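One chain, subunit A, links the two complexes that follow: it is found with subunit B in the first and with subunit C in the second.
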Partner chain A sequence: MNILVCVKQIIDPDKMEYSPITKTVKRNPQHLLNNPADLSALEFALRVKDTFPDSRVYTLSMGALECKDRIKEIVELGIDEAILLSDKRLAGSDASATSYALSCAIKSLGKFNLILCGEHSLDGETSIVPPQIAEYLGICHMTSIVDIKPKDQNTLEVVKKIENALVRFEIKLPVLLSVKKDSNSVRFPKLSFMIRALSYEPKILTLDNLKDIDVKRIGLEGSKTTVDEFEEEKIENFSCEIFEQGNFKEIECIVDAVLKYI
Partner chain B sequence: MEYTIFVPVIFKEDKLQKVNSLLSLIESKVSKPKKIIVVIYTNTFLDEVLLNQLKLFDDCQVFIYPNSNFNFYEGPYIEAVTKSIEEFKPQMVVALSDEFMKSVLARVAVRFSAGFVVDCFDIQFDESSEKFIFLKPAYGSNINAKISVKDSPITFVTIKPKSGIECLDDSQRDVVICRRQIEIENKADQISFIEKIVLETIDNKLESAKIVIGVGRGIKDKENLKYAYELASLLGGAVGVTRPLVDLGWADKELQIGQSGKTISPDIYFAFGISGAAHHICGIGKPKILIAVNKNKDAEIFKIANYGIVADATQTMKIFIRVFKERLGKC
Partner chain C sequence: MDYFLSEEQKVIKRLAKRISDEVISKVAGKYDKEGIFPRDILNLLAYTELTGVYIPKEYGGFGGGVMEMCLVVEELSRNCAGIAVSYAATALGAYPIMLYGTQEQKKKYLTKIAKGEAIAAFALTEADAGSDVSSIKTVAEKDGDFYILNGSKHWITNGGEADIYVVFAVTDKSKGPRGISAFIVEKGYEGFYFGKKEDKMGIRASSTTELVFENCKVPKENLLGREGTGFIIAMKTFDRTRPGVAAMAIGIAQGAYEHALKYAKERVQFGQPLSSFQAIQHMLADMYINIEAARALLYSTCRMIDSGAKDYTKESSACKVFASDVAMKVTIDAVQIMGGNGYVKDYPVEKMMRDAKVTQIFEGANQIQRNIIASEIVKEL
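Presenting the complex of A and B:
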């Protein structure tokens, strides 16, 4: 079985700095991290490989060359090969342009029985990239997956979360699944994999390596949605009376105010 | 020429009222001459009682497409929405945001090479460029991104409201509702449904609750959540949490209030141990009374609270419970 996991290196949302003066976000490569939902997807891929040891697990990332450091962390988990699609012409791609670029890369890499993605990325959070990749590749997909169990080399049993219910399906490969964050615990790296990761270099792909990619459909030019500008929202300033210590009397007054309202 | 807006609705044993706020938003923000086509995809029969929940406008048309293949898998809906777009030829496709709908519309958008604005909370029309501008929260702060769409004959949009949208009108209009037939290919050979398990969650009804007890990291321990539930139960309200509590595993994501969680619209909101980070605040709507309790007197939450108490969140919850119990005559 050939399994591909899309893993995005994102800027740590807690460390993002927005400057209202320049209206841009400061992107420091030191604050890159592997998107947590993608790591959950990768863990499921590795579990399939545990069950069928002949399977091969590949990861695909798209971004600047600085992503390589975070990709090494993925290699430590025990994947077979990591691929990084990196090309300046991809800069400014919106979700749809990204889906198109990734699907071209996937087509160039070969045929995969199973493709896994994280459902949301902590930056952006649109969640439309995985279904769009599936559409470009012409395969079935399902989102909001919280469990994957392989039954045999051609069949999986999956659990999908919808509102407050779990729905179980049996699915025949090939399929693309997008996995919810925290649906499993990502394993600890094995020592032999960590040693391998020290000297491992991910395979770098540029747009020139991809067959049949239409460059007019990627980057800023190919994006159909654009951010025109940012604006700050003014929060109305209430004058709130602040009580120190939570005096009993004060709480009684608040309770009375609330009860009057109910 | 009339601007045609297609509103796909996936009905799953819930209420049709959810559509009303979306229709109100479209009606108020799109002032040009238009046609709003609401299409409901369902696997059950929708009777008059259910259909009467819809608050429609003069420019609305409603179609119902029943099919037994509509269930928990995206596939049949993707086919159906594609067929509807080919039939109605809209310039805009607008739907309420949820994971399932986004998953369906994402693929359909590719089929029509369309731009897709995901999870915006407002639509504006720019007179000078004659284009729609979509507002979306950015970077978890009180900063909004203004997004426009180019090179796209159809614009796909999902709306995730920041707070409750006021429904415009109460009166029933005379809108024709057509029931139609639709053929969907059944891919049962590839995707087979096995079973549905309903999760045992406390019946919270967070999104419709008028009183919400919000709980954040200030409660210090997972055990202390029980006080929030007790207070909520006393007042007939619901409990919600901030993102850190979900990340810590203290509560299910279903209880998360905020940008990447639920949007609520209570009249009364208690914020216990919540700092008031923008990505949480954008989910709490505009409560009439906001009571904030935080150990830090400089916490952002006090900027928007009506009543503020600087104290330990858990201890204060316990006092509130005691006082409410006395006032309400319960023991």
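Presenting the complex of A and C:
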């Protein structure tokens, strides 16, 4: 089974800085991290590979070459190959342009039985990229997935979360699934994978490597949305006290702290 | 301090640190209180392939040496020495096989240890033979294709939990220390039982038990080395594993220091944090100095051993003595800095103080280590 997982390197939401001049989020490479929901998707992909060891797990990321350090962390988890779509012409792509570029990259890479994405990225919060990729590829898709178990080489058992209910589905491949954050515990890396990651270089794709891509549909120019304004949410009267584990003797300490704010 | 570890060693340290901080720190208190053997953590160490860092590649290991083993032990000990010792005691059981085993023995046992499929233990100490190793009373008599073992071993780390035991027994009483031999004994062998589990002051997550041999039949091919080489096997093993005790001690000290430092910065008395008082500052500075000095001695010793030096007995003993004395001092001071909070079980430093004590005792009490060091340096004159 060929599995592709889309993994975005996002800016740590706690360290996000907005540039009012370019009207984009500043991308300081030191503040990059792999989007948590995408890592949950990757964990499901690796579990499928655990069941069917002949499977190959690929990851696809889009961003600047500075993403390579974070991509090494994905390699440490035991994927087969990481691909980075990196081209300056992609800068400023909105969710729709990103979906289009990623779908073109996927078409160029070959056929995949299963494509997994995180449901949303913490820096974008649009949740539209996975369904749009599926639409561009013309394959079935399903969102809000919290569990995936392979039944056989052509069928998955998946669980979708709807409000307060969990719905079980059996779904035929090929399919694209978007996975909710924290659906699973992402595994620890193995030492041998970490050693491999030390010298690993992801396969770099540029727009020139993609078949039939329309460059007018990507980047700032090809984006259908633009950010007009970015304003940090102000929370009135907000204060925070941190209680470290073991830093309190009685539960009353916390209760007292909470009562102060009521 | 930058110790210029190799990229691979940094990776090992990073992986062990993650497991220590993300998993061990969360269970250390409970496992200590309830005396739970850390089977789940050992399984995780096996999954992440840390169980084989010190075992040669040809037996399924990573191919590292004493340094790699120590890096893992140190990081695990930062949060729980009881869990770390369960890992380190397997190394203590594996080293005699690595150093003196036949190809068949190495292939059979080291591959399982490297993959984490087997836990090992080292059984030398007896009720009346602790520091005085040569007075062990467990006997092994040859009977056809077997050795028949009779006697008992005390305070055996991983006892009852381990699958493979390196057991020392007298094969020729008339020869004194030269009449001791080493055997590989598997759990489940006829006549091999487990006695009392010790209720210890510290390292309570680890299992420490008595081993009992009643006409235990050990196949003759399980003899390690030759008959009469047991004492040498034990001593050469300790030369490689005493740095592991030093690593454990440094990990404990580092953990206690980190907790004390954080507490000193947060705890306010007389309107200012404890860390602003010079009395506390000097204690913290001394902790830092001693830990780094112990670590520098440990890493130098590891590099000496791994680079193929022939004799490193005094260096190995020196790092064990120094680091364990540092661990005791640092953990006592950490409790002192944290006052009442340091003395209660809500914080981990009282456990660290209890754990530190054993590093001055096991794998040769520090008084015996000083005898060894003195004997070596006088001999060199």
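Definition applied: the second predicted complex is superposed on the first by the 219 of 262 C-alpha atoms of A that agree within 3 Å, B and C clash if a C-alpha of one lies under 4 Å from a C-alpha of the other, contacts with A are read in each partner's own complex, and residues count from 1 in each chain.
To be clear about the criterion, contacts are C-beta pairs under 8 Å (C-beta built on N, C-alpha and C of every residue); 3 or more make two chains touch, one makes a residue touch a chain.
Because the structure is predicted, anything quoted here is derived from the model rather than measured.
Participant: Which of the two partners, first being subunit B and second being subunit C, lies in contact with A:194: first, second, both, or neither?
Facilitator: After superposition on chain A, A:194 lies in contact with subunit C alone.
Participant: Please work out whether A:119 is in contact with subunit B alone, subunit C alone, both, or neither, and reply first, second, both or neither.
Facilitator: After superposing on A, A:119 lies in contact with subunit B but is clear of subunit C.
Participant: Which partner, subunit B or subunit C, touches the larger number of subunit A residues?
Facilitator: Answer, by number of touched residues of subunit A: B.
Participant: Between subunit B (first) and subunit C (second), which, if any, makes contact with A:134: first, second, both or neither?
Facilitator: A:134 sits against subunit B, while subunit C stays out of touch.
Participant: What part of subunit A is shared between its subunit B contacts and its subunit C contacts?
Facilitator: Looking at subunit A, the two contact sets intersect at 244, 246, 248.
Participant: Using the touch definition from the top, list the residues of subunit A that touch subunit B in their complex.
Facilitator: Subunit A residues touching subunit B: 13, 16, 18, 20, 25, 94-96, 99, 119-120, 125-128, 131-132, 134-136, 140-144, 157, 160, 162, 164-172, 175, 178, 182, 224-238, 240-246, 248, 250-252, 254-259, 261-262.
Participant: So in the complex, the part of subunit C that touches subunit A is made up of which residues?
Facilitator: Subunit C residues touching subunit A: 7-8, 11-12, 14-15, 18-19, 29, 44, 47-50, 53, 62, 262, 266, 341, 344, 346-348.
Participant: Which bits of subunit A are touching subunit C when the two form their complex?
Facilitator: Residues in contact with subunit C: 188-192, 194-195, 198, 244, 246-249.
Participant: For a test of understanding, state which residues of subunit B touch subunit A in their complex under the given definition.
Facilitator: Contact set of subunit B toward subunit A: 72-75, 99-100, 102-107, 109-111, 113-119, 133, 138-152, 187, 189-199, 201, 211, 235, 249, 254, 260, 267-268, 281, 288-289, 291-293, 297, 302-312, 315-316, 319-320, 323-324, 327-328.
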